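Here come two complexes built around chain A, the first alongside chain B, the second alongside chain C.
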Partner chain A sequence: MGKVKREISDSKLAFILLLPSGLLILMLIGYPMLSNFYISFFEQPINPNLPADFIGFQNFTETLTDPEFYKSLGLTLLYTVLVVAGSTYLGLYVAILFNRPFRFRKLARSLIILSYVTPSISLIFGWKYMFNNGYGIINYIGRDVLHIFDTPPLWFDDPTSSFVLVVLFAIWRYFPYAFIAFLAILQTISPTLYEAAEMDGANIWQKFKVVTLPAIMPVMMTVITLRTIWMFYMFEDVYLLTNKVNVLGIYLYETAFAFNDLGKASAISVLLFLIICTLIIVIRKRVDLNASS
Partner chain B sequence: MPAVSMRTTKRVKRAFFYLGMLVILGICLFPFFIMLMTSFKSSREAIATNPTFLPKDWTLQHFVDIFNPSIFPYLTYLQNSFMVSLTASTISVGFAIFGAYALSRLNFRGRLQINASFYTVYMFSGILLIVPLFKIISGLGLYDTRTSLIIVMIVQTLPTAILMLNSYFETIPKDLEEAAKIDGLNRVKIIFYIIIPLSFAGIVSVFVYCFMVAWNDFLFASIFFSSSENFTLPVGLYSLFSTPDYIWGRMMAASIVTALPVVIMYAISESLIKGNVTDGGVKG
Partner chain C sequence: MKLKMSRIVAFLLVAVTLIGCSSESGSGADGEVTIEFMHTSVEQERLDVINGLISKFEEENPQINIDPVVVEESSLTTKIVTLAQSGKLPEVIEVGQEYAKVMDKDSLIDTEAIKEVVSNIGEDEYYDGALKLVRTEDGESYRGVPISGWVQGIWYNKEMLDSKGFEEPKSWEDVREVAEAFTDKSNQKYGIALPTVENNFSEQAFSQFALSNNANILNSEGNVTLETPEMKEALGYYQELSEYTMPGSNGVTEVKDAFMNDTVPMAMYSTYILPAIYDEGTPENLGYAIPSKEQEAVYGTVSSLTIPAGLENQQKEAAQTFIEFLSEPENATEYILMAPGGAQPVTKSVVENEQYQSNEVIESFGDLSTEIAESFNDIQVFGLVDGKNYVKMGDITSSNAIPIMINKATVGGSSEEEAIEAAKTQLEKVVD
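So, the complex of A and B:
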């Protein structure tokens, strides 16, 4: 009797407790996502009080026949793959290095995650200054001290060097995220497992493959999946660093607020969403296959 | 192998280890070092063609200048950022505590579905929502108000805040609650007297996460604001980038002061969590 009564009041209480969050999320994430699908069929003026014209699939055909879209898609995929691979690998490598006692370990750990904690806007000014064409320290070191190049690249004013820098920036900024996650899981692996593997005559690589890798696999998958989503949608870092690397986030932003084509921007949003869903499914499938083989 | 040479190999190994550590730290910290040194350089020295690592003449002038409203609008941006970030993260954490409590402790239908749906929110990143949210905000007459950014920052941080708090609440033993119930505490009192004090460190780190998201946001601030008296730090500082009287030392000083609040908050939240500092789920 008493138990039944409590369960009823539980769901009432749960409803009340979840109401503010649920309402806000439905209104400002759920509804907007659905309305993207709706807006994408209209020629939508920037002034919300003006009427929108229904134009069918025109926004989609316009996007899908725009060579700039495919260029941007290719660039974004390359950017995502390079940054996810680079930051995950570096994060794992540094975490393995840290997974032993040494002096100043805590201090070193705090210093490593500094780039991850600092706001992008601050870091961007630092990088822009370092890679300044006229008086940047990188040009000075590369040209006058180490003589790596005679005429330095134009850095953030050239598409290729901008792309390289934007990738390096993201790896540098985001590898600490992987590092923190990997270090936490590495510390849970019992040393006796390594000792047992050693007794069986395993070398470093075999120990990594047999003991470390299976233990960190779930964390690695989460890190890779989330980082893929975040990098694929990246806007701020790239936009603030350079106007030479037109990733999809920037393509979408500029379609909406530089060309004021809100309908087409919605169509792009819908396409990006479908692409990321497919990407996630592919990543998950890959893992399942790996796990079973 | 003789003991002496084994000790030497051990030493060499350790030397290599520390050397590697220094290289990694050097790469990680180099941009910070340059920023800090530039903020102490005179404006002329900052644009010298053969730059030096250390300033020839140290000056604190840039740090004084950024707080002088007659030459640099930094204080306005700083105040706006604090206002938006504090309000948004306080409300977000408040809602998240209740939501996460319901999800981790109460039995009700649809609990698992709601829980799972929070994970999918990662796929609806902010950039996908710019058009509809812009429409909604201007439709509500909130365009160019700081309220618009506060509302959107609450929603952008809520799902993650709930997920993080949910995993913190799971670590609190259920027996404690049962004991409290026998002592006559109702659910709401349990939240305030048991759950919140016991997960204080977790709540602080979720607050810091929300604060950081709002503090760093450039995307929505750049869409919602048109007048510079509403600008938060990221849009404000970015808008100064193209002005002719752009002074590197001053921008570096501003960048450092902008980073300080979140870096300090992050350090505090880490020091609160004992032992394993890294659990508590996913963060941006």
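So, the complex of A and C:
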């Protein structure tokens, strides 16, 4: 009897402790979401005192029939897949390399995470200077030192090279997040497991497949899920680096703030929300499958 | 224990409620009023000047408190849209003429309140060039009270031009000749630093060539006129001139760097090049030319202080008092001298002000300072046709269609017809 009472008061306490954060989430996320959903059915002027016209699903149909939207969606999906795969792979690779004692390990670890902790804007300026068409160091090395090309490519003016560069930038910028997560979990794997695998005659790849991968799988899925969400909504990195890679974040921003079409921008964000939700559900399903197998 | 728990809960709830509240403008019971002033002077030394002016104002007007809201220039428009949506626009906003049009279109500006301020200060006080940029489409009122401005033209290095026997380039042909003579691509030397980037900078630079050839984006009926022979000729010329500029999309940084490190002898830039030239110690070597074909066309912009629509009377009057205070010659001079040389006066009283004239940067440029100040009256901008300042030009600029057209023609390898056609299609979405 006493136990039951205790359990009730525990759940009450939990509820009370969760209440403020629940309220905050409702206020800061729930309300804007609902408001955004509501606006997506209107032709919304910037001035809230002017009447907003109800136009039903017109914002959605306009978006869904705009070829630019699909171009942008395709580009964003490709960008997300490449960056998530690249940054996760690189993070894991470096974490495995670092998961052993060597001199200056602490210093090396701090250097590795520099790109992640430095503010975007300074890194972006650094890259823009490196690839500057006039005095960038990349052109200097390629043209004047190694003579790879006479006329250097217009790095951030050509859609293809711009895309490659924004992907490389994002992989380099975000792999330390995966690195930290993987290093932490790698350190929890008991060395005896590897010793046992070795005694069974396992090679490096087999050890990775049988011992490492199952152990890091939950972390890997979390890293992939979060990184997918973050990359799918990416705006500032791409926007500040180039005008030539029109990912969905930029498409949305331009609709809202260049064309001042707030209703359509809201409709786009509702669509993005649905797309990313579906994507995440698919990814999570895969985790469950893996877990059950 | 129970009491403690309920206290904790009460505390947390209060904390949550307090997070949602912040200091906001409003009026107190004792007749005091607090208004917000949103400006873009984020640099510490400029902030000090603005905060100094605010303190001085508050001393003179103890009933009015000013709450400064400092915003990066690049995020100003985003801020305005979001604040307008929630009905929380600050009572005084520093805004450029282009975005003032977008705000005016959505009736976000109290043009009558601004008209009162301008007439209290005196329309005659202002340069015509400054007032016409902020005049409303019906010509009856204003979208903002001009506080400072800048003009843009072709800056040239006198010594470099001399070395090849050139004088100040006066016409399109002169500019092309000089640019061609100095271009040596294998040694990365170019003739002119020309904006080609996909943002307003290119639109502003191109507008000078287009308008000097009588090509405006809108005609006197307010219709888009991109396909005129004059516009095609101007874009063709700009495209040709871009052969003599640095490769790729050139923005503010590239153009300024190329001019400052002698990669080019000429650059299209605003008066904000002057402080850098002063720091280099070569003000006497700088020349200023205006693109000219059928006529001369100077591009310029004014930064104005605007008052949003729908304010309570007390707030509105406080905003008007504050703007009038900032426009007083002594205070306006201090405001302009935050960026001496870069920011240009918009009233004659500032130009005549002793503090302005004795400023070492202004003095060092000698007659050039006067020449630049006077060019304010020759300002022509896209969308200003026969004195009518079309509000839809704000949307056209906002849509970025013109810079994309310029970038396509100069960097993207499109012909001028293709670039114009693409811009026309894009503008059809924006303009009814």
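Here, the second predicted complex is superposed on the first by the 265 of 293 C-alpha atoms of A that agree within 3 Å, B and C clash if a C-alpha of one lies under 4 Å from a C-alpha of the other, contacts with A are read in each partner's own complex, and residues count from 1 in each chain.
We adopt the following convention: contacts are C-beta pairs under 8 Å (C-beta built on N, C-alpha and C of every residue); 3 or more make two chains touch, one makes a residue touch a chain.
Owing to the predicted nature of the structure, the values given are computational and were not obtained by experimental measurement.
Asker: Since both structures carry chain A, what do chain B and chain C do when superposed there: clash or fit?
Answerer: Partners clash after overlay.
Asker: Just checking: does A:Pro45 make contact with chain B only, chain C only, both, or neither of them? Give me first, second, both or neither.
Answerer: second
Asker: Just checking: does A:Gly74 make contact with chain B only, chain C only, both, or neither of them? Give me first, second, both or neither.
Answerer: After superposing on A, A:Gly74 lies clear of both chain B and chain C.
Asker: According to the stated criteria, A:Met130 is in contact with first (chain B), second (chain C), both, or neither; which is it?
Answerer: Only chain B is touched by A:Met130; chain C is not.
Asker: With both complexes superposed on chain A, which partner does A:Pro20 reach: first (chain B), second (chain C), both or neither?
Answerer: In the superposition, A:Pro20 touches chain B and chain C alike.
Asker: Could you tell me if A:Asn243 is touching chain B, chain C, both of them or neither one (first, second, both, neither)?
Answerer: Second partner only.
Asker: Just checking: does A:Phe257 make contact with chain B only, chain C only, both, or neither of them? Give me first, second, both or neither.
Answerer: Touch status of A:Phe257: both partners.
Asker: Going by the touch definition up top, name the partner, chain B or chain C, that contacts more of chain A.
Answerer: For chain A, the partner with the higher number of touched residues is B.
Asker: Between chain B (first) and chain C (second), which, if any, makes contact with A:Leu272: first, second, both or neither?
Answerer: After superposition on chain A, A:Leu272 lies in contact with chain B alone.
Asker: For A:Pro218, is the partner it touches chain B (first), chain C (second), both, or none of the two (neither)?
Answerer: Neither chain B nor chain C is touched by A:Pro218.
Asker: Should A:Asp157 be classified as contacting the first partner (chain B), the second (chain C), both, or neither?
Answerer: second
Asker: Looking at the overlay, which bit of chain B runs into chain C, 112-120, 130-138, 148-156 or 166-174?
Answerer: 130-138
Asker: Across the two complexes, what residues of chain A are contacted by chain B and by chain C?
Answerer: Touching chain B and chain C on chain A: residues 13, 20, 24, 47-48, 134-135, 256-257, 262.
Asker: Please name which positions on chain C make contact with chain A in the complex.
Answerer: Contacts found on chain C: 5, 8-9, 12-13, 15-16, 19-20, 77-78, 81, 84-87, 102-103, 106-108, 188, 197-198, 246-249, 254, 257-258, 263, 309-310, 395, 398-400, 407, 411-412, 429-430.
Asker: Quick one: which bits of chain B touch chain A in the complex? Just the residue numbers, please.
Answerer: Going by the criterion above, the answer is residues 17-18, 20-21, 24-25, 27-29, 31-32, 34-35, 38, 46-51, 53, 95-96, 98-99, 101-103, 106-109, 111, 114, 121-136, 138-139, 151-152, 154-155, 158-159, 162, 187, 212, 215-216, 218-219, 223, 233-234, 237-238, 241, 248, 251-252, 254-256, 258-259, 262-263, 266-267, 270, 276, 278-279, 282-284.
Asker: Name, in rising order, each residue of chain A that touches chain C in their complex.
Answerer: Residue list for chain A touching chain C: 13, 16, 19-20, 23-24, 27, 45-50, 132-135, 151-152, 154-157, 243, 254, 256-260, 262.
Asker: Which residues, counting only chain A, touch chain B once they are in their complex?
Answerer: Its residues touching chain B are 7, 10-11, 13-15, 17-18, 20-22, 24-25, 28-29, 31-33, 35-36, 39, 44, 47-48, 94, 97, 102, 108, 110-112, 114-115, 117-123, 125-127, 129-130, 134-137, 140, 144, 172, 177, 180-181, 183-184, 187, 222, 226, 229-230, 233, 235-236, 239-240, 249, 252-253, 256-257, 262, 265-266, 269, 272-273, 276-277, 280.
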